[in-house]
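Data block below; observations after.
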Amino acid sequence: MTMNFILDVDGVMTTGQFIYSKDGKEYKIFGPHDADGLKLLRDKLNIKFITADKRGFLISKRRIEDMGFEIELVTEQDRYSYIKDNYGFENTFYMGDGIFDMKIIRDCKFGIAPKNARIEARKVADFITPSNSGEGAVCDACIKINRTFFK
Amino acid sequence: MTMNFILDVDGVMTTGQFIYSKDGKEYKIFGPHDADGLKLLRDKLNIKFITADKRGFLISKRRIEDMGFEIELVTEQDRYSYIKDNYGFENTFYMGDGIFDMKIIRDCKFGIAPKNARIEARKVADFITPSNSGEGAVCDACIKINRTFFK
Amino acid sequence: MTMNFILDVDGVMTTGQFIYSKDGKEYKIFGPHDADGLKLLRDKLNIKFITADKRGFLISKRRIEDMGFEIELVTEQDRYSYIKDNYGFENTFYMGDGIFDMKIIRDCKFGIAPKNARIEARKVADFITPSNSGEGAVCDACIKINRTFFK
Amino acid sequence: MTMNFILDVDGVMTTGQFIYSKDGKEYKIFGPHDADGLKLLRDKLNIKFITADKRGFLISKRRIEDMGFEIELVTEQDRYSYIKDNYGFENTFYMGDGIFDMKIIRDCKFGIAPKNARIEARKVADFITPSNSGEGAVCDACIKINRTFFK
């Protein structure tokens, strides 16, 4: 059976910051090495991205699709049951950084938080990355998963 | 009686930096987690934002209104008396980062400065956030207020 | 006699970084608090900015003029004699961050380097700011000058 | 015989980050001092840049050509043999930051990794720069090469 690796986008693939102009949310800052890390796992895991950021959805979508992956818009309130119903916690690796990710990180098979995640997320994580989000945290996570589960 | 939480924008909700092109001040960098933190308090406190940045006002306004809050343009010289007259220091939590915020932080009920605020602001603060501005300082402040005053 | 305060722009007023698109150098990142610091000194010193960045000149010019100051384009090779001839080192405070600023920092009345300046500049400085450039280094410098020379 | 200095771009000349809008990869952040450092070596070494970033190629090209150098698009898989065949490892200084740079850094005459490079690259480097990429790492590398091989 194929396992799943579900990743939040803001604060995981990005610095978590939003660059605003007077016209609204315009840019996000994506980090180095993460695309390289995901390549290591793409034939071994079912990799999916979720985000609750409606206003910045097209920015996140563009980056995730540029890397060849899929992204789904799921509200923070629905996130827990969305993962439970669609993937099942026992089959899922999860990486998130915020207050609303805490329960998912705790209940999934292997929960990961970036070094700069909220303390609430880091406290329940199985693995805290040595790099900040937007500076290679997802690459760290992929190498850790590869070494722990596929070697 | 409802208490007030007044927040400065630049250096509190943002990194404090201005991204300039040859056409002027174009962008500001807003941080992660802060919108989540403010959600915790929005039914418990009257939350308002003020800024002295005239040239960047439309950028700040756009972000603050995207989160569903109001923002007012108040010069640095008028800021102290504006808060005193409109809200009263005994009813007000305040968060600021600059030289001109010092007296307000000192005189309000509970004064907060981000980790990377000017030393002048940090010296008189009741609480210094563990995160920098633009990296979750407002979320830290909201959790602190919630725990201290509403639990 | 009025003293002069000459400041480099890139790496002093900014993070030193250039944000490029496919169309070239588009943006620079200016720091917080620096405009507040310069206000403290503007009636006490003749404040001028110089830069060697031709391609980014209009970006720097826009920011410096927004603050009400003047900026001049001077190549790195000409910088030393330009200051000597136009201002005189005995009458000049200087703040710079690069290899080419070293001799000026050393020879002027009071030489300042940001915390993140090149080691070559920091080694000869009279004052190294506690903040990085683009994070309040010029504000630090202004407060230091004000305390040391005007109190 | 002239020696070669081959440099990767993303994570070496830049912070490694990509600034995305809904229209795709728009900007990269280039660091201070690096152009000054390269000037020290341009008459002493054959300096060339390579990159595997196809989508951001025009951004990197613009910056590198603004500094007066050439850049070539080479995939990560081809990078090792490309350098071997075109330059020869015994005649080449190389600077890179990623997983795919490891073997080149190890096998070239003098391999350099920025302070914030992946651990895999840093472990085999002859020199790790004191500065992060996008904050002067290439300037560090140039000064090191100049002192070690040309003085």
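By written order: A, B, C and D. Residues from 1 in each chain.
Here is the rule we go by: contacts are C-beta pairs under 8 Å (C-beta built on N, C-alpha and C of every residue); 3 or more make two chains touch, one makes a residue touch a chain.
Because the structure is predicted, anything quoted here is derived from the model rather than measured.
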| item | value |
| --- | --- |
| Farthest chain relative to subunit D (centres taken as mean CA coordinates) | B |
| Geometric centre distance via CA averages, subunit D-subunit A, whole Å | 29 |
| Whole-Å gap between the CA centroids of subunit B and subunit D | 41 |
| Residues within subunit A bordering two or more other chains | 15, 19, 26-27 |
| Graph class of chain-chain contacts, one of line, ring, star, complete, other | ring |
| In contact (per the touch rule at the top): chain pairs | A-B, A-D, B-C, C-D |
| Subunit D - residues contacting subunit C, complex | 15, 19, 26-33, 36, 58-59, 61-63, 66, 134-136, 139 |
| Residue ranges of subunit A in contact with subunit B within the complex | 10-11, 15-27, 55, 76, 97-100, 116, 118 |
